[in-house]
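Below is a structure I'd like to ask you about.
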Amino acid sequence: MDTTYKQLPPRPINKKKQLSHWLIMIVTVAIIIWSCTGINFGGIKSTAAQIAGAIFNGIFHPDWSYVYDGSGEDLVSQLWITFCIAFLGTFISAIISLPFAFWAANTRHKKWYVSRSGKIVLAVIRSFPEIILALMFIKAVGPGSAAGVLALGFHSVGMLAKLFSEAIENLEDGPNKAVTAVGGSKFNVIMFSTLPNLMPALISNTLYRFDVSIRSASILGLVGAGGIGYPLIIALEYRQWNRVGIILIGIVIMVVTIDWISGLIRKKLV
Amino acid sequence: MANSEKPMIELKNVTKIYDNGTVGLKDINLTINKGEFVMVVGLSGAGKSTLLRSINRLHDISKGDIEIDGESITKAKGKNLRLLRRSIGMIFQSFNLVKRSSVLRNVLTGRVAYYPTWKTTLNLFSKEDNQKAYEALQQVDLADKVYARADELSGGQQQRVAIARVLMQNPKIILADEPTASLDPQTSLKVMNDLKMLNEKYGMTVLANMHSVDLARQFGKRVIGIRQGQVVYDGQMKDTPEAVFTDIYNGGDGSEEK
Amino acid sequence: MSQTDQDLMNLPKKKFKIMNLIWVILIIVGLFVSINVTDTHISVLFENFSQFTDIFVQMAHPDWSYSSTVFPLLFQTLKMAVLGTVIGSIVAFIYTLLIARNIVKNKVLTGILRIIMNIIRTIPDLLLGAIFVAVIGIGPVAGIFALAVFTFGVVVKLFYEAIETIDPGPIEALTAVGANKLQIIWFAVLPQIMTYFISYVLYAFEINVRSSTILGYIGAGGIGLYLQETLQTFDYAKTGTIIIVIIVVVVIIDYISSKSREALMK
């Protein structure tokens, strides 16, 4: 049973692979080092720790009197407005998204450039920052919730129509053909076969988008487009840390609750 | 072989009750001597796997004591527990290799408990250990796969890498939990032969859970039958009539002993 | 048999329709309520639509001479995104190892750490920016911190889900050979999840590049500062330039990052 063993051969070297690994490493490190240049970390306010402490203190000793006082400027009212902005914005975008989705969906009986152009338009809408859109609407319709609603309504189209179009692409072709076979027009096909089959996916995607919109709606106020963001930035400016605390708590509770409810509904839909 | 008579594993009144109330093991007393090749047989769910995992404390037992070469693993903590585990190798049904790592690295992991943490994290395995890993692979006929990624290997090859890993660990005991259950008959035979080699050439004590009666008969020296968490048979393989196996595998009905 | 089948099919269908009606009514009521609350009437849009298109047209004629002015702050924006991603990811990496139930067995500890993580995740990026501006002061450092916290939320969530679905076999094997916690993580866990981690970091970087471009609007550094300046002075041609630059950068980085993620997962 006694055998002599061979020596361990050296690891075979894949030159190309090794080179690319090193290259990626070096580039990554170089980018990180470059990023550190020119940023003045010493510029932190000397009071930073104190303010951070004050905010934490505010979260644990929130300004309960702000929760509801009937003035319409209180937390509950502002959260309600935020919720409504998200609701209406999502609704509008769902409506606008439908035609866009059919445009961008890559189904049969369609020239390739039709859906391709639709997809590009959606990509452009997606990469147009929401806040900038909100700023433009503020210029157009004045500061307030309406600007927020419109910004959300248009911006969400980029993502929502993309999800919708993917749902359309995943549909089976059979039912459509059946309606066409009994002599249905294109409109008939969409009304009687495509939409009913599509409904669960549309609702689920819209609900998901609503989750995202709630988060967006809570920051729109930072630039003056309505909702809870505005009292927050005021409270930060006036150093009302207890109020900052209660607003943060309010936002977190609202977002968590809505995530939870929409998760429940979406689970039921499937 | 049975003459060495030095207890390697000793279970004293071992009981294991799971958190959900299921009784895994019930008052087990067993002594396994150095150099034995023991087959543990029984229906699935009888507690074979629980028994093996209790020995190296992948499962904690509820009552009793387990001694490894005279030292209690039940009471061991931290570093002592790890040192005791180091002396017990384990082969798994699903091989448990790190699939994205190379075969060599997988074999070397058998050695990690011999090194301080910082050395292993920096990959500073000694030259001798690298060579030893290669030798271990040669013993299981996988020398040509040394730098391959583990997931490129077939099931049988992966199990043999696991055996090389155990070889590297250089334990006193090997626990084999259904080592051939995911393999075809031919590779099963190869793996069992490797286990036999570990037992005979290195004097390691082997304790294996077996599904296949044929393989158990062919390789085992001693049989332990388990049913519902209890030892129902214990004897030398050559003295064991076929009826015992039939009883262990089929006689589970109507023999509730609660 | 077929008779009973049909009976079974008819009944739930009716019930479903009633629920549908309730939902439709709820949505319509919600619609009217929210139109009222937010004071958004279709008329608002049409009355002011000319104004909106006017802004849009001005933006569509960007002032290219301005683009050279934009570049220094554009670079600062990218630096913020890189540093925010790096810092956030490093913290996220360690934190995730502490909340993965197949690594840390203490359910109380993982539970508390998870609640903290989930709370942090609910706070939007710009809001973090506003808070850090208040704490640290105006400038890119506030932005970096905001992005780091945001990255943390994104990466931890994805990463811990990946860790908890890894093959537990190697962990068991390493435990059995007598390895300690760190060795188990190093040999059994990390090789299984490193590619996922890098992929999530790249994904977070994509989001951070988008976010970093607007952080400047609230004073947290980067190109967003010019956004605010030009909008305040109604210099829409310049705003247009900035927006186009932002979109181009975002699209390029998205492309590179998603391609490298695809290559990584192969």
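We call the chains A, B and C, going by the order they appear; numbering starts again at 1 in every chain.
In the analysis below, a residue touches a chain if its C-beta (ideal position, glycine included) is under 8 Å from a C-beta of that chain, and two chains touch if they have at least 3 such contacts.
The chain lineup, named per UniProt: A = Phosphonate ABC transporter, permease protein PhnE; B = Phosphonate ABC transporter, ATP-binding protein.
Keep in mind that what you see is a predicted model, and the values were worked out from it rather than measured.
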Contact graph of the chains (line, ring, star, complete, other): complete
Most widely separated chain from chain B, with each centre as the mean of CA atoms: A
Chain pair with more C-beta contacts, A-C versus A-B: A-C
By mean Cα position, the chain sitting nearest the middle: C
Distance between chain centroids, defined by C-alpha means - chain B, chain C (Å): 47
Distance between the centres, which are taken as Cα means, of chain B and chain A, whole angstrom: 51
CA centroid of chain A to CA centroid of chain C, Å: 7
Chain C-touching residues of chain B, taken from the complex the two chains share: 56, 58, 81-90, 92, 94-101, 105, 109-110, 112-113, 117, 120-121, 162, 165, 169, 175
In the complex with chain B, residue positions of chain A that touch it: 1, 3, 5-9, 11-12
Residue ranges of chain C in contact with chain B within the complex: 167, 169-170, 172-180, 182-183, 186-188, 191-192
List of chain C residues in touch with chain A within their complex: 27, 30-31, 33-35, 37-41, 44-45, 48-49, 51-52, 55-56, 59, 76, 78-80, 82-83, 86, 118-119, 122-127, 130-131, 133-137, 139-141, 144, 210, 213-214, 217-218, 227, 231, 234, 243, 246-247, 250-251, 254
Complex contact set, residues of chain B against chain A: 130-131, 133-135, 138, 143, 146-147, 201
